[in-house]
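Worksheet: the structure to be examined is printed underneath.
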């Protein structure tokens, strides 16, 4: 496997990701889980940087960390279950789910191994990221762009409607 | 590329585990975000190493991010509704559709 | 009038129809209608007789063929020849006398109109029989006469003895009719026609083989044996006395039983063609006559004595006719034909008178038993002399009718000494038993004082016919006196072949008179003067007396030999039918029930069982699997994940060059195992948390 040297950075980042991911799925305190999620998302942004997707990394931080994670924290605060700090956060399916996920991971690895798409480009991407993305948004991905706008609008309205104070 | 894909797979599995086991609905949503991110990593890795004369992978990843955001919004407002109705958001209690 | 002579028979039929449909409840009208019809018939028949005499006895025939098939040509028609003309007058006379008498005798009977209806129907049948011009028609009327005789004998059918008697009469004559029918078939086959003239032509031409002719003659005679109560079919006549006395007078003295003699006289051309048949006829006649006379000696019922007397006299007639036929085959023209037919005529009158007078006596003393009567001469001033006159006539005392006809009969036996001896003996016995009857009934001290006290003379409508018949009993036979010139003598009018010229046989006359007088004198000694005790003689000859009293046990023999076996066969057949045939039917029904039971069991246990089993299986499966549906989406998702992994593994396995089936099977089993495991775990968990909804 000829691979451009991922380097130490990659390994550090991947450890961070994995550990925080595990924290997300297993901590008792939701708030701590949310914070772990933030860490994870930051680390993922770092991975993007490694993969020469700068705009995406910025967008990740802005959107995911800055909005989604905050939103999640808001929701956590709004729905505090006083007792939830005391009970286990994993339900009765834990064993089976664990087994299943392990198997899934194994199968995935196996499949990755089997896939012979190793067309590794020794050089990097040939684009300047930001302008290229802007150009794509306006040409090839015009439709998805517009649709996504509508989608966001719908989500906005939907959220407002759903979370409105009850009448009567 | 293999490490990136491996990372993506592992992160996905972790997120999957969380979806299947978290008692808290918000916890499920957070694990779901992990899965989205794992997919994103996959897309971007392939874009970088396999299809280098285009940014389709990244575009995809951007759209995933946007849609995930919208979905998180709606999901959380649903969570609010659940909280209002059941006075709690433990998945243990939300099994109305059992036999 | 001869062209309309069929009306003679139809008028009584009209009376019958009128009474049956319209006059049931009008008794006087019914009687009037009936008597009017028979009187009209009588007038017509007298006119017809005069016309026939005027024609010098030439036969008149008119017929209508209503069917013409090969060999079977039935026709209806009338034949008026001297025999028929005389017979018509006889039947009409006796019929009229009996009908007038019945008005008095049946007075007060609830079924008065019906009696006259039956009488009219009988007269229609008898007159039609006489008028017939062919064997087929005579057979039809023959059967009709049998039917009406059944109806009349069983008139008081509520009495069991009467019902039995009419059945016996019908069946016994039926047995004879069977022979007659066979004779008819043979006539149709061999002669091709039923017409008298046609058949007799063929016989005279010799178209029928001799043996066949004998057979035909004997079969036809069978009918006469039944109807005229000859041995062995005589058993019905004594029992037929159960009917009202007018019936006995009409049917069993004068008319119906005469039908047999009439038939033999009609069929004489058949008998003269066969010596064997004629001898059979004569022998049977003799046996009958002797047997019946011997039985009449010891009977105590007045009507029984008269019945056996009738049988005996009929035997005389049959014997005479048979001897005539035999003599004819030998070339002699004997007195038999004249004797038989003349005796038929005179016998009708004096036997009819005897019965009617006996009815008058019974009407007076209300008993039939002569041992209970006696001394009625002083009480019944008209009946008694009439009865005596008739008895003298039947005994053959000069110059009454019976003397002349009996004389002719004895003359008929001239060529047969054995027959003559027996005939004279029978004449002696006849005189004896008739005057035994007279002395015991009318003379001497009354044996039953009560009967005597109640006795009275009968009303006028009963006694006037007696007077008339007594007159006829004296004078009717005078046409047979041998000294008469030919144009007055009966033999030149009624004959077969050629006219018969009678010669007086003085020796015979004297011998027959001696026989008759000695019979009367013996009866006088026994029963009037009582110088010989009847009882002592009876004691001395006990076996003979018992045999005679019990009518030679013939009825008992018939019962044992014929009737009981037939009944036994019938009973067996009934058992067979009820047991086996009905058993078969019931058996199939039982089988059907069994089969349907089996099918019901099958349907209940196997068919329904299969349906129920399917449901049971689903239930059991559901019982196991229902725990899988927990309502928790996460659980579902976990399961889906497992399955997806397994599917991917399967696909991996299948995409290889050589799929390893054991591994696939293992994967599949693993999938099922996961499902089961999941359901078990969730069941356990839910039971633990008390979350289980009980299964209904």
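For reference, chains read A, B and C in written order, and residue numbers begin at 1 within each chain.
Note that in this section a residue touches a chain if its C-beta (ideal position, glycine included) is under 8 Å from a C-beta of that chain, and two chains touch if they have at least 3 such contacts.
Since this is a predicted model, take the numbers as computed values, not measurements.
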*With chain centres defined as mean CA positions, report which chain is farthest from chain A.*
C
_Between B-C and A-B, which chain pair shares more contacting C-beta pairs?_
A-B
_Need the CA-centroid distance for the pair chain A / chain C, whole Å please._
126
*asked:* Based only on mean CA positions, could you tell me how far chain B sits from chain C in angstrom?
replied: 120
*Report the inter-chain centroid distance for chain A and chain B in whole angstrom, where each centroid is the mean of the CA atoms.*
6
*Taking each residue of chain A in turn, which ones touch at least two of the other chains?*
91, 93, 97, 100-101, 104
*Do you know which chain C residues sit against two or more other chains?*
632, 634, 638, 641
_Per-residue overlap in chain B, given as positions that touch at least 2 other chains_ = 16, 20-21, 91
*Could you pull out which chain C residues touch chain B in their complex?*
626-627, 629-632, 634, 637-638, 641, 693
*asked:* Applying the document's contact rule, which stretches of chain B touch chain C when the two form their complex?
replied: 16, 19-21, 28, 91, 94-99
*asked:* Taking the touch rule as given, give the residues of chain A at its contact with chain B in the complex, in rising order.
replied: 1, 3, 6, 10, 14, 17-18, 21-22, 24-26, 30, 33-34, 37, 40-41, 44, 47-48, 51-53, 55-56, 59-60, 63-64, 67-68, 71-72, 74-76, 78-79, 81, 84, 87-91, 93-94, 97-98, 100-102, 104-105, 108-109, 112, 117-121, 123-127, 129, 132-133, 136-137, 140-141, 144, 148, 151-152, 154-156, 158-159, 162-163, 166
*Footprint of chain A on chain B - complex, ascending*: 1-7, 9-18, 20-24, 26-27, 29-31, 33-34, 37, 40-41, 44-45, 47-50, 52-53, 55, 58-59, 61-63, 65-74, 76-81, 83-84, 88-92
*asked:* Quick check on the complex: what are the chain A residues that touch chain C?
replied: 91-93, 96-97, 99-101, 103-104, 107, 111
